[in-house]
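Here come two complexes built around chain A, the first alongside chain B, the second alongside chain C.
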Partner chain A sequence: MSKTITIDGKVIPFEEGQTIMDAAMAAGIYIPHLCHQPEFTPHGSCKLCTVKVNGRNCSACTFPAMDGQDVLSETEELINDRRKITQMLFVEGNHLCPGCEKTGNCQLQAVGYHLNMLDNHFPLFYPDREVDASHPDVMLDQNRCILCTLCVRASQQEDGKNVFAISGRGIDKHLIANAESGLLKDTDLDATDRAAHICPTGAILVKRTGYQVPIGQRIYDHKEIDQVSLETEHLQHGE
Partner chain B sequence: MYEHLETAENRDSLKRVVVDPVSRVEGHGKVTLLLDENNKVQQARLHIVEFRGFERFIQGRPYWELPVLVQRLCGICPVSHHLAAAKAIDQLVGIDPENLPVSADKLRRLLHFGQVMQSHALHFFHLSSPDLLFGFESDISKRSIVAVLVNYPDIGVQGVKLRKYGQEVIRMVSGKRIHGTGAIAGGMNKSLSKAERDYLLEDIDQMIDWAAGSVALIKKVHCSNLPYYDDFATIRSNYLSLTKPDGALELYHGGIRAKNERGETIMDHIDYCKYNDYIHEEVRSWTYMKFPYLLSLGQEQGWYRVGPLARVNNCDYIDTPLAEAARVEFKAHSGEAMVHSTLAFHWTRLIEVLHCAESIKQLLNDPDIMGHDLVAQGEKRYEGIGVIEAPRGTLFHHYQVDENNIVTKANLIVSTTSNNMGMNESVRQVAAEYLSGRELTEPLLNNLEVAIRAYDPCLSCATHAVGKMPLQLELVDAEGKLIDKLIKHSDGQIERDNA
Partner chain C sequence: MKQFIRGIAENNHYQPTHLLQILRQIQAHYHYIPEAAIEQLSELLSIPRTQIISVVEFYSFFHLTPRGQYELLISDSITDHMLGKKILFDYLANKLGVAAGEVRKDGVVSLDNTSCTGMCDQGPAGLVNGYALTRLDRPAIDKIAELINQQKPLNEWPSELFHVDDNIYKSGLLLDRQIEQGAALRSAFKRGIKETLKEIDNSGLRGRGGAGFKTAIKWQFCSEEQQTERYVVCNADEGEPGTFKDRVLLNSYADQVFEGMTVGAAVIGAKQGFLYLRGEYLHLNNKLQGILDQRRRNGLLGSNILGSGLDFDIEICLGAGAYICGEESALIESLEGKAGIPRNRPPYPVTQGYLGKPTVVNNVETFLAAAAIAVNGGDWFANIGTEKSKGTKILSISGDCDRPGIYEYPFGVTIRTVLNDCGAADVQGVQVGGPSGTFISNQELDRKLAFEDLATGGSFIIFNSSRNILDAVHNFTHFFAHESCGFCTPCRVGTSLLKKQIDKIVEGHGSAGDIVALEELCQLVKNYSHCGLGQTAANPILTTLERYLGLYESHLKEISFEPGFDLDGALETARRMANRHDASAHLAQTESEHE
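After this line comes the complex of A and B, so read on.
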């Protein structure tokens, strides 16, 4: 008899070694997330996938599924918490959606819509952050980085490189490029690397490609992020 | 003319009247009048009190963001900023206008005709028609589009639908009615599908009919109020616009032509990339808006007007038949080489609406509009200049980038800036000829706003508030004592406070 967990009252099976996120995705249940991509080692940093497991808050992307777990996800309390987390991500950086080329393809923006985030709620930090446009084909705009580390992991785990890392602590934490100069041009990053394409926001962008996809044909123009996530990431979980 | 009213000599002893904000215009401005003890106007100025700073904060951003970033200057004519920036960044990827793919060029033109059509329709019907249909000094309750819809329902509905059609053209080409995308460096990101083309073709004949009807309406309003309409706020000026190589009216791309008040050519077919050799800007301390002038004529004589009146005055003909016939009638009404009537801005604006509607029909029937060769690439350059005829006049975008494609310098001359001197002169003319010596009343002061409104200024290049802008007028005597005060609340109520 296969092992099961319960998510919001729905009993779903899981296999040994799967996280709650893995099991949920395989069962067609969306749990909001930004720092998680099934191909890469879970990081558990964005905290959007926080669920309540047997009464305790856990990150669904890192917490192993165990037989008989009672998981709560779509409760009013958790939805409110996720909205607040998203609002904090917005105010910590400079996320100006109207002019951003990632608009319509941005997971941060799409999660904001999904969670019915109607304002920033918190005061904007307006941090002074750098744009590194030194690389001929890839641009790093720190204004939009949410420190999800997907680029760090993609570079290490898929590209076989070590282009990005996180440096600093607390509010000073930031993404760095692995070069003595600190500039992207002095790394071995290529525009074809996975790390150049995996950013869920508009922090890492391939140059000169902005706005080429017309409005109406962007990822989230006609589908919400839950549908897109289940359609595209579901298979990557390898059921 | 009326320059002597720009700065009074004995300012401390004069009464100060402020119209703040000027309503039913795009953005925020105010008018100040200084009156002597006999209520004679001694000084009149239009101040632009907003500061946007776009030229500074786009520095440090990559060039491909420009068309989308700078269109946020404006909620009324974003497409014009979008396309002016696109023309500039075309050059950054080595593409001059003649090398743009044919389909991309026609799609941009279609987009821009939609823009000019909707902006002009908005201005005439929503913002100005109340003044023109009910009278400049009519009851304030009548001076709104709502009153037009009640008293002239056919005209009101046609205005709303003409604007909507222009917006639908924009939506089909750029994805959204306001602040879409569309133009990218070297081309466009999509063409029209057959379904989109057919959707727009459905109503275009109706739009041409209504546009022709609106030209007939403004002609009737104008000509039945002569000579008042030819005199009110009227100033003799130079005019500047783009024209086609053969001298035809042009809204998207052409050479710079300037004519003087007698219709003599000051310059013609000037490559706009050399605009800096011909046009400079002067700064004055009492307003955030600069004063551009033609270098060859100097600061005193070189100011000029732009916009529909300039374009129709400057062009040799219009290349669509109904608009051309309307242009000929328009020019014939004055008998002068150049029409200087400020209220004729309205007439020429509607001639352009007709031209846009006719041109949209031509483009929709052109198979290139559904073509798929949309983007061209050339050699990278470090400087790009894009100039376009925005609804309100000639619009200049000028950018420099570094080797990493980051913007290092930007200069924008927006249309309303070019009309700065014209608007100030018109305000002074109205103040001197129509207000001077009379008792201050709200309807009387609306005359000043009518003069400014004729230019359809976009004072901040920002979104507008229609009809309900709060307004406060104060009359202060020579000792600084408040002797009269009129307050228009945001709910439209008028209050008089005889302090």
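After this line comes the complex of A and C, so read on.
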């Protein structure tokens, strides 16, 4: 008999070695997330995928599924708190959606909509962050970085390079590029690298591709992130 | 420089795990980590430069830009503040002609604040090039300024500036008598290793760092792992403000601590142990190395210990200024030469710890007790204390009392007894277990120190009625924001938001809704943070809000809403540019100010 967990009352099967997130996605259940992409080693840092497992808060993307777990995800408390965590990500950086090329394709924005985020709730930090436009094909705007490390992992795990890393401590944490100059142009990053395309926000953008898809026809303009995530990420994971 | 760096790397066998130790030497020599050194190390250790940069930028004692030849840091613990730190700091800055966070123009001296240095019983305290300074007062500061201006090498400075007292005022089961060197190992081998683990189990010993996991169970789990390469780690990164017992244990009882680690190694089957010593305790390093050497000479470390067939040795690794490394998985990351970021769990260190191998991490005091239990048996320990908290607890007492220092009590002792013994009068409240613990008021003095009631890692800070509790809350909240590793959103952003929110209230800009907002934020940080730091970072606010709500409310303005920033102040630059000083160039913050 296969092992099962229960998510919001729904019994779903899982295989040994799967996380709660893996099992949920395979069963067509969306749990909000930003730092997670099924192709890469889970990181567990954004905390949006926090679920209650047998009464205790755990990150669904890193916590192993175990037989008989009672998982709560879409509770009012968790939805409200996920919204606040998203608001934290917004106020920490400089996220000006109307002026950002990523609008409509941005997962941070889409999660915000999904969680019915209507304001920033917290005071804005207005941090002073740098833009690195040195690379001929890729630009890095630290203002929009949410420190999810997807570019770090994609570069290491898929591109076989080591272009990015996270440095600093606490609120001063920031993305760094692996070059003596610290500039993107001196790294071995190519515009075709997965790392150049994986950013959930508009922090890493490929140059000369902006606005090719008009606003209004973008990924999240017509579909919510839960639907997109289950259609695309589950597929990747099943392969 | 090239030769110097190569030499350090060679001495460390080009091991990336030794990155912190290597960087400590570079920082000590150049007073920063030069870019060229990073490039060279990246090649020598075969690690990406980004790993080195991320380590340099993570730890407070490493710098990418030059600090002074004399790197002067003053402890910012609340206990130092209670002893007049702020006035002294200003006096020192003035005397040396350098501001906080700056390097003097001639490059001779730099000055800054640092988190609690573990000298709360003899503050105000500081560090000069990593070495502890105690009992700072004006004459001491005059002397220090003079020595720095004469550029006298540290080894020519008068030793009284560096004098550290143990200040043991009350000893009990553990501190009364140190075991004879080798006695615990002899007993353990004679009794049998399995039987010794059973004695430790019978003793009921629980981890002394504060979390209280049963030591015998941890050791047993680790010993049952399939992987045979295993490690023993002693956590001497005591960074909890107000704690300094490990400093004393390592100064005067280190032999027994090392013996406890060796007993642990025999139980779990480890060949290698580490003492992770917080960077602030650099002054203990030479002494501890000497004790390790002596134990090696006496056949108590090395191969075939006491003819038992056990091979085990201990290496001392120094931290570099990061409170988070007291968290066991962050400590392991740091031991591996990385930034101290707590790992996802499971897997726990007992299954996958140092280099992915089964690892036992215990507090200094836990190993001290384990050694004594190996000699005296489990009952000797279990007969003392309470049902769920066996044995004694060593407390670090500081703040408003006549005799700050080290006190050992059987578990179950009341706060009142402790306060009487250390000469505390007119008590307003006590911070039990440090900022991450609980603040109790003078209405709760019959509460007990035990896992059943008030659990504690040993920090005990006393506040008399002349103190403003909000000063402590403000200090602790800033501390957590400074020490957050930044890995997870709720702690990274949340501790900074808590800092802003508490500043707003303390500075008198708060209004009715701000306490509700503060409490809501506290719950968010507490419930969603990745590790113990974030989960306890709101405790200073939560435990004082519960007890002193009126105090918070007295700081609020009697209006329904107050902006988070100073509206009129924000226009200062514009006024200056327009050369306007008249009344109509000023804006009122709220309607009440209009009236």
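FYI, the second predicted complex is superposed on the first by the 238 of 239 C-alpha atoms of A that agree within 3 Å, B and C clash if a C-alpha of one lies under 4 Å from a C-alpha of the other, contacts with A are read in each partner's own complex, and residues count from 1 in each chain.
We adopt the following convention: a contact is a pair of C-beta atoms (placed from the backbone, for glycine too) under 8 Å apart; a residue touches a chain by one contact, two chains touch by 3 or more.
No experiment lies behind these values; they were computed from the predicted model shown.
Student: Quick one: is A:17 in contact with chain B, with chain C, with both, or with neither? Answer first, second, both or neither.
Tutor: It touches nothing on chain B or chain C.
Student: Between chain B (first) and chain C (second), which, if any, makes contact with A:92: first, second, both or neither?
Tutor: second
Student: Kindly classify A:84 by the partners it touches after superposition: chain B alone (first), chain C alone (second), both, or neither?
Tutor: In the superposed model, A:84 contacts chain C only, not chain B.
Student: What is the contact status of A:101 with respect to chain B (first) and chain C (second): first, second, both, or neither?
Tutor: In the superposed model, A:101 contacts chain B only, not chain C.
Student: Pick one for A:68: touches chain B only (first), chain C only (second), both, or neither.
Tutor: neither
Student: Tell me the contact category for A:212 with respect to chain B and chain C: first, second, both or neither.
Tutor: Touch status of A:212: first partner only.
Student: When both complexes are superposed, which of chain B and chain C contacts more residues belonging to chain A?
Tutor: C
Student: So, does A:139 touch the first partner chain B, the second partner chain C, both, or neither?
Tutor: first
Student: Return first, second, both or neither, reflecting whether A:55 touches chain B, chain C, both chains, or no partner chain.
Tutor: The answer is neither, since A:55 touches no partner chain.
Student: Looking at chain A, which of its residues have contacts with both chain B and chain C?
Tutor: Chain A residues touching both partners: none found.
Student: Please output the residues of chain A touching chain C within their complex, sorted ascending.
Tutor: 42, 44-48, 50, 57, 59, 62, 64, 81, 84-85, 88-89, 91-92, 122-123, 125, 147, 162, 164-173, 176-178, 180
Student: In their complex, what parts of chain C are in touch with chain A?
Tutor: Its residues touching chain A are 35, 39, 48-51, 53-54, 57-59, 322, 339, 344, 346, 481-490, 492-497, 500, 521, 524, 527-530, 564-565.
Student: Which of the residues in chain A end up touching chain B in this complex?
Tutor: By the definition above, chain A touches chain B via 98-99, 101, 131, 133-134, 139, 207-217.
Student: In their complex, what parts of chain B are in touch with chain A?
Tutor: 60-62, 64-65, 67-69, 72, 93, 174-176, 179-182, 184-185, 189-190, 404-406
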